[in-house]
Amino acid sequence: MTAQSLFYWSLVVTAAGLVLIGLWGVLTRKNILRIALAFTLADTGVNLILVWSGFLPNRSAPIVDASVTSMVDPLPQALVLTSIVIGVAVAALFVVVGVLASRKSGSADVRRMKELRW
Amino acid sequence: MYCNQRPEKPGVKKGMLEKINNMARANSLWVTAYGTGCGAIELRPLGTSRFDMERFGIAMRPTPRQADVLIISGYLATKTLKRVIRVYEQIQDPKYIIALGSCTINGGMYFDSYNTLNVLDKYLPVDVYVMGCMPRPEAVIDGFSLLMQKIKDGRAQGWKHYKENLDYYRENQKKIITDWDLPDYNW
Amino acid sequence: MIDKTKKELEIRFPLLKLVREMHNYLHVEVEKASAMDAILMAKTSLGFKTLQLISSVDRMEENLFQMTWILENYNNETTLLISARYPRENCIVPSLSDIWPAASAFEREIFEMFGISFPGNPREGEDFLLEGWKDIPPMRRDFLTEEYSMKLYGERQPREHLDPRQYIGDMVGEWNTPMGQKRKEEK
Amino acid sequence: MGNIVSIVLTILGALSWGLLLGGISRTVTARIHGRMGPRVTQNFIDMWKLFKKTSSIHHGGMFWMAPMFRITGAICVLLMVPLVIGNSITYNMSFAGDIFLVIYIMFFGCLGMALGAGNSGHPYAVIAVSRGLAQMSSYELSFSIAVVAIAVGLKTFRIEGIVEAQQAGILSWNIFRFPFASAGALIAFLPMQMAYPFGIVLAPQEIPIGPPTEYSSRFLSFMFSGRALFGTAKLILFVSLLFGGASNWISLLVKTFLLYMYPVVVSSVFPRFRTEQSIRFLWFVPTSLALVDLIRVML
Amino acid sequence: MVKALAIFLPLLGAFINAWLPGKSPKASRVVSYLMLTAGLIAVIMLSIQLGAWNLRDLSDSVILSTGVGSPPLSINLEITAGGTLAAIVMYAATIFSLHRFALTTPKSQPLILALLTASLGLLFATDIFNSFVFLEIGSIVTIGLTAACKCGSRWEAAIKAALVSGLVTILYLLAVAVLYRSTGMLTLAALGNVSGASAVIVAILLLTVIVTEIKAFPLTGWGLDFYQGTSSIVAGLYSATWSLAVLLWAAKVLPLLPIGNPIIYAWIGAAGLVFSQLAGLRASSSGRIMGYSTSAYASLLLVAAGTTTGAFYTQTVIVLMIFSSIAKFSLFMLGNPEKKDQWSGFGTLLFLVPILLLAGIPPLPIFWAKFAFLAHLASGFPVIFYAVLAGLLLEAVYLFRFWSARSEKTGEKSAKRPSAVAAVLLMLLASVWITRMSWGALDFSGSIIESAGLRNIFHGLFAIGTLLCLPGVFNRIGREKSYWFWLLISGAALTILPAAGNGLTFYLLWEISAFAAVIGVSKGTAASKGTFWYAVFASLSGYLLLGGILLSKGSFAMAGVPAVLITIAALVKMGQFGTHLWNVRTYPAAPGTLPAFLSGTSSKAAVLLLVAVAVNSSSASLPWGRVIAWIGALTALGGAILAALAPDYKKMLAHASVSQLGYILMGLGLASILGWTAAIYHTIHHLIFKMALFLGAAGVLYRTGTTEFNNLGGLVKKMPWTFAFTLISVISFASIPPLAGFGSKWLLYNGLIEQGWLPVLIVGMFASVVAFLYSFRLLHGVFLGQLSPKNAHAKEAPLPLLIPQALLAMAIMVLGFKPTILLNFLVPVLEKIGLSGLAPVIQGDMVLTTMGTWNAWMVGLMVMGLFGFAFVFYWISGHKPKYVGQLDIGFAGEMPPSADEVHYSNNFFRPYQRALSFLPKIHAQKIFSGVNKTFNMLGDGVRALFTGDGRTYLAHSLIFLLLLFVFLNGGM
C-alpha cells in the first residue's frame, strides 16, 4: 500500500467515520449544544468527502505555481471553502438559537422543546 | 288574553219549536260536577248499574263547554266559589244548577266557619235544591226529575235570571272574593 | 333506640324538657334559642332525615305560640318531636326551607293561619290556602269565626217549618234577590 | 239529477243510521254493564239539544272550520264508496277515485279536527291529537297493507271492482279469500272507531273528551254528526272491502249493523292501552297478520 | 441587464439595509421598496419578454451568467417563463408583507430581501452546487426571520428548522460529492449521466433532501412545527417566497433524478397525501393546518412528477404551486400578527376565497389544474386517482372546519369589502386566463339530456325557484347581508345546469352553485357550523361527482363504478339515508329565504343528475334501481319520524325535505313511465310546497326571531295569511286530496304496484302516514295553540315573502284540481325516452292506469262543494258564536296562569318516541361520529409520528433514506 493509497483510504475512512459519528450524535444526544457539536463533526466529515470527490492520486495541491505540473481537481476544493463558510454560519446560528431556546425552556434538553406538537 | 265583554240579555222564546227543544233539553242533561268531600263521593253511584242515570239521558261531561247542568255538591269556600263561578259561566246556554246537600245550600255544619258560604243563592242561581247530609242517589235522581220537569215546563230560567241580574250577583261575589281577578264575564 | 337519641340530646341540651316518651316516639321541648340547633343535630347526627310536619299551637293564655317540628327516622322508624315556645306578639321563627325545601309549604301555611313570620323562606307571603285574606289570621284564637262569618256571609235563614216538604217547597223556584222578591210580591 | 238526489239521500240516511247505531251501541254497552241504558234514540235527542243550544264560543278561524272539515271529510269518504252493488245510482262519486283516494281522503276530516283542536288553545285537546295521530299512523300501516294485498290480489283498486269480485257467494268474500289481511284490517278497525282498548284518544278521565274539549253547542253537534257519518262511511267501506259489499239495502243495513257491533262488544269488555302500548300492538300484531297475505299475493 | 436586475436587486437592497437601519429606518424602508419595485418591474418585463403570459410554453428560458467562470464557480441562472410568473408572486408577496414587517420588526428588512434573493436564486439555479448555496442561504434566513419574529415559540420553531437544515446540508453535500466523483460535473443535467451504484446513492440522497425540503409526508413534521411556531406573517412570507421556490426547484430536479421508474414519486405522493391529510383532520392551530395543506400540495407535486411529463407537467405544477402559495399567503396575512390564532376585522368572504382556492373549487384557478390533472390520473392510474381524490376530500374537510371555527370570531367590516371583491375578481380573471392553457381534458360540447321537454322542465323549475326566493331577501335580520348575491349566482348556475354539455360543464356549474350557496349560508347569524357541514358534504358530493365524471371520461353514458359514484353523489346532495345531517344543520342556519332555495330548488339538481345518468344509460334506468328505491323509501320513513320528533321549525322542515326527496328516489328507481311521471311530478310539487313552507318559516323567523317550537305557537292570530299558505302546503304534502300532493303519491303507488314492488310501497305508505304526524306538529307548533306573550308584538310577514307564497299556494291549488295540465305535457315527453311500463291514460279530467282511476277535478269539486255547503249551513242555521280570548278555555275552573303554561308543545310525540324505543338507537349522527372517530384514530396514529422532538424528524429522514435505498436496490 502506497502512501497515496493509504492517505486515500484514511481520508475515506475518516470522512465516513466523522459523518457517521456526527449523525449518531445528532440522533442520540439530548443536549442542544452537543447536537450542534455533532453537526459540526458531520459537516467536517462531509467536507472531507467533498475533498475526496476531487482527489486524484499523485497530484499536488491546486495552487497555481510554475512548479506544478499536475494537480488534483481544484473545483471541489473551492466548493469546500464555500461549504466551510456556510457551515460556520450555520453552526453559529444554531448555537445562538440553541442557547436562546434553552434559556426559554429552562433546559438545554432537546426533549423539553416539544411545545409545538399536534 | 281574556274576553271581557258582558253577555247579552237573552230573549224570550216561545212556541211549539221551543217546546220540542225543551223536551230535548230535558231528556239530554249533560252534567259537569263540582264536588268537595262527601258530595263528590255520593254522586258517583249514579253512574253504576244500580242507579244508572244514563237511562234518563243524563251523562257526565268532563268539560263545562259541553255540559248543561252544574251540580254543586259539598261545602263552598270563598276560594272554590271563584272556580265554580268560572265553570258556571263557561257553560253554554241554557244551563242549570243543582245544589246538592246541606253544606252547599246553607253551609250546613260549617255554618260558622270563616270561609264557608251560608247562602248560595246570593252568588249563583240555583234551579233545584237537593237536601240531605249527604243526599242519597235516589234523592239526586229525584232532583233530576224535578229539574227535567221544570225544563219541560219552561220554568228552569235560572241562567236568564243570572244574566239579567249579573250586577247584583257580581256585587255579592265580589264582596266575599276579596282578590277578584276574574274577567267581567267568564266566556 | 330512642334512649340513645334522648341521651345524646340531653348531653347537648341540658335544659331539655321531656314531654312524652314511647318506645319509638319522643317528644321534647327545648329553649327557643336552641331549637334550631336541636333540629339540625337531629338531622345530621341522629338520623332524623325527614321533616314530617311543622305545627303551631296558639297558647293565648300564656301569650305564646308552641311550635313543633315532627321529624322521622325511617331507618329505625322512630319519631322525634321537638317543641319550642315563642312569644305571641310579632312572632318570628327561623325558616327551615333551606334545609328541607318541603318546610317552605308548612311555613307558608302557618304564616297564613297564625301570622307567624319565617324570615328566610323564599316564598313567604305568597297565597297558600286563603286567597286575598285581609283579616287577622283565622287560626289565631283571638279571631272570632262566627262573628266573621255572620258579618261576611250574612245570617242564614232559620228553618221556618219542621216539615221538610213544605220547606223545600218554599225554596224551589225562588231566589233571594230583588227580582225574586219582586216576583214573590207579584204573586 | 238522480245522482244529486242520491247523494243527498245517502248523506241523510247515513247520518240517521250512524246516530241510530250509536244509540244502539250505548244500549248494548249498558246491557253488558248490567244497566238499563238510554233510549235507542238518545243520540238524536242529544244532537237536537246541542243543535238548539242558544250560545256558543269559538277560538278563531280554524276552530270554526274544523267541524266543517270533519263533516266534509266524512261525507267524501261516504260518497266515494258505492252503496248497493248493481244499483248504479247509489255509486255516488265512486267513479272519481279508487281505494287509495279513499284512504287519503279519510285524513281530510282528521286533519281538520286536529287543527280545530289546536286552535282551541286547550292543552288537553292537543295532547289527545298527539295521541290520536300517533295511533292513527300505526293502524293505517296494517290497514294499508291489507288494502294493498286485497287490491293487488284482485288486480283492481276500484272499490266497485273489488266488490264485484266478491259476488260469487259467501266464500268469495275477501274475508275468506284473504283471511289474514282481513284480520289485520279488522284489528285496525277498532282504533279507527276509537274503541277500547284503543280509546286513549278520547280518554274522558284525564284529558276531557280529547280533541273536541272546547267545542260546544252547534259546533259539537256538527262534530257528532261528522263522527256518525264517518263511522257509517267506514262501515260501508269495510263491508265493501271484506264482506262482499251489499247487493240490496237490507243486506247493507244488516252487514253494517253486525260490523258495528263488533267494536262495541270488544270495547265494552276491554280496559285501555296506553298510547305506546297500542302503537306497538298495532305495529306488530295486525301488521304481521296482514303481511302474511301480502307475501302470499306477491308470490 | 434586466435579468440581472430582476434577480439581484433585492440582494443589493439587503446589503444597503444591513448597513443602514441603525442610522435611519425610514431610509432603509424606502430603499427596500425601491429595490423591490424595480425588481418587480424587471421581472414583469422579463416575463413579457419570455412570453409567459401567452401560456404557450412555460419552459422557454434565457440564461443569465454572472461572474467569469462557469458554474459552480460562478452562478448561472436559467430564467424560465414559468419561473418568472412565480417570481412575480414572490416579489408581490414581499412588497405586501414588508409593511407588516416594518411595523413589527423593522430590523428584519435585510433578512426579507435576502430571503427573496435566495428564493429567486433557487428558482432559477441550474447547478447542483449553486442550488446548495441558495438552499443554505434560504435556511439561514428563515431561521433568522423566525428568531426575529415576536411570538412565543419562535426559538423552538427555529431550532427545529435549524436541525433539519443541518441534516439536509450533510445529505446534500454527500450527494454533491458522489455526483461529482462519478460524473465530474455539477449541472442539473449531469444527474442524467450518473449510473450504477452512484446513481442510486445520488437519487436517494437527493430525493430525501427534496422530500424533506418540500415537506411532503412522511418528512413533513418539522414543517408543521415550523408553521405553527412562527408568526403568521413570517409563515406567510415564507410560503409565498421560499416554500414556492423550493417546490418549483423540486419540480425541476425531480424528473432529472436517476431513479428507475418515476412512478415511485406518485406512490410516495399518493400515500403521503392520504396519510398526511388524515393527520390534518385533527389539527387545530391555524399554522399547523396550513402546514398540512402545504404537505398536501407537496404530495401533489410528487404525484405529478411521477405521472406526467413535458409541458403538461410544467403547467400543472406551476398553476398548482403558484396559486396555492397565493392562497396560503393571503390566509396568513389575514391573520392578526399580534394574536396568532385570532382572525378578526375582515369579511368572511375575504377569508373564504383563499380557502376555496386551496380546496380547488371551481371556477377558481386551481380547479382547472386539478381537474385536468385528475382527469389525467383517472385515465391511467386509477388507484393513485382514488387516493388523491380521498386525500383532497380530507383536505377540504379540515380547511372548511378551520374556516368555520375561525369565522365565528369574524366581524364584518365594510372597509374590507373592496379588497374582497377585488380578490374574487382577480381570481376569476386568473381563472379565465388559465383556461387558455392547453388542458387536454377541458371540453364543453355535447348535451347531457337530449329531451328538450325534460330540460325545459328543469330550466323552468330552477329559474322559478330562484326568482321566488329573491323578493324576500330584502327582509333580513341583523347582519345577514348580501346573501342574495350568492343566492342569485347559485340560482343562475342552476338554471343553466340542465343545458350543460358534458361532465365538465355539469361539474363546473354544480360546484359553482353549491359553493355560492355555501357562501350564502355563511352569511347567516351563527351559521358557522351549518356552513361547515354544508361545505363538507358539498365537497363530498362534488368529489364523488368528479370521480364519476372523470372515470367515464366526461360523458354521462356510463355504467359500473362511475355510475355508482355519481348516484351516491346525488344521494348525498339530496341528503338521503344518513347524509341528511347536512340538511338538518344547514337549513336552520341559513339566512332568510336561502333555506327555501336550498331545499326547494337546489336539491333538485341531484334529481337532474340522476335523470341525466338514467337517460344516457342504455336501458334508461339507474344502476340498481331497486336499491335506490329502497334507499328512498327508508329515507322517507326515517326522515318523517325524525321530522315528527324535531324540536325546531326549520329543522323539522329539513327532515321533511329529506323525507319527501325519498319519494322522488322511489319514482326514479322504478324506471317505468309511471314511476318517472310520479318522480317528476313530485319534483315539481316538492319545489312548490317546500319553498312555500320555508318562505313561511322565513317570515316567522323574521317576525319572531326564533324557530324553536318551544317559543312559538298561536301565531295564526298574528300571521293569518302565512298560516293559510302554510296550511295549503301542509295539506298538499300530507298528500290529502284534493290538493296536489295526492297526485304524486297515487302515481307512485300505481307505478310500484305495476312493477310489483310491494314492500317498497308499504314503507312508502307508512312514511306518508307518519308525514301526517309532523304536518300537524308543524301547524300546531307554530301557528296554533296559545300565543306566547313573547310573540305578542309579531305582525304579518312582509309582502315580499307573502306574495311568492301566495303564488306557490295557487300553483298547488291548480296542480291539485287540474293535474292533467301537467300530465298532458309530461307523459308524452317521458314516453319518448324509452322507459318501460305503460303510460297512464288521460281522458279529460280522468287519469286511468291499469288498476286505478283518479279524477282530481271531480274530487276537488266534491270537497269544495261539500265544504261550502257545510259552511253555509252552519252560518244560516242559528246564533253566531262568540269569539273569546285565547285563555278562555275550560280549565277545571281555573284561570290559566299564563299562555306559555297551557301551550302543549314540548316533546310533542313523546308516546311515539316511547313506542319506538325498542329500536336500537341508530342515529346517523352516531354513525358519522363513528366515522369521524375512526378517521381521528387513524389520524392520531399518523400524528404519533410527529412527536415534536426535533430529532425524530431527523430520524424520519434517515429512515426514509434507508427505506428508499432498500427499495430501490431491491427494485433494480
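By written order: A, B, C, D and E. Residues from 1 in each chain.
Methods note: a contact is a pair of C-beta atoms (placed from the backbone, for glycine too) under 8 Å apart; a residue touches a chain by one contact, two chains touch by 3 or more.
Given the structure is predicted, the values throughout are model-derived calculations rather than measurements.
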Problem set entry | Set of chains whose contacts include both chain E and chain A | none
Exercise. Looking at the contacts, which chains touch chain A and chain B alike?
Worked result: E
Seminar exercise, completed: Farthest CA centroid from chain B: chain A
Problem set entry | Far-end chain from chain D, centres as C-alpha averages | A
Problem set entry | Highest-count interface - the chain pair sharing the most C-beta contacts | D-E
Exercise. So which chain ends up in the middle if you average the CA atoms?
Worked result: E
Exercise. When the centre of a chain is set as the mean of its C-alpha atoms, what distance in Å lies between chain B and chain C?
Worked result: 33
Seminar exercise, completed: Cα centre of chain D to Cα centre of chain E, whole Å, reads 53
For this session: Mind checking the centre-to-centre distance between chain A and chain C? Centres are C-alpha means, answer in whole Å.
Result: 99
Exercise. At what distance in angstrom does the C-alpha mean of chain D lie from that of chain C?
Worked result: 57
Seminar exercise, completed: Expected list for chain A, residues touching two or more other chains, is none
For this session: Send over the residues of chain C in touch with two or more other chains.
Result: none
Exercise. Among the residues of chain B, which ones contact at least 2 other chains?
Worked result: 63, 65, 82, 187
Seminar exercise, completed: Chain-chain contacts, ordered by label, are A-E, B-C, B-D, B-E, D-E
Seminar exercise, completed: In the complex, the residues of chain D that touch chain B are 26, 30, 33-39, 42, 45-46, 48-49, 52-57, 204-205, 208-209, 212-217, 220
For this session: Note which residues of chain C are touching chain B in the complex, please.
Result: 127, 129-134, 138, 143, 145-146, 148-150, 152-157, 164, 168, 171-173, 175-180
Exercise. Given the complex with chain E, which residues does chain B contribute to the contact?
Worked result: 1-5, 34, 63-65, 82-84, 86-87, 90, 181-183, 186-187
Exercise. Residues of chain B touching chain D in their complex?
Worked result: 10, 13, 20-21, 24-25, 27-28, 30, 48-49, 52, 54-57, 60-63, 65-66, 68, 92-94, 187
Exercise. In the complex of these two chains, what residues of chain E are touching chain A?
Worked result: 72-73, 129, 132-133, 136, 139-140, 143-144, 147, 152-153, 155-160, 162-163, 165-167, 169-170, 173-174, 176-178, 180-181, 184, 186, 224-225, 228-229, 282-284, 288, 943, 946-951, 954-955, 958
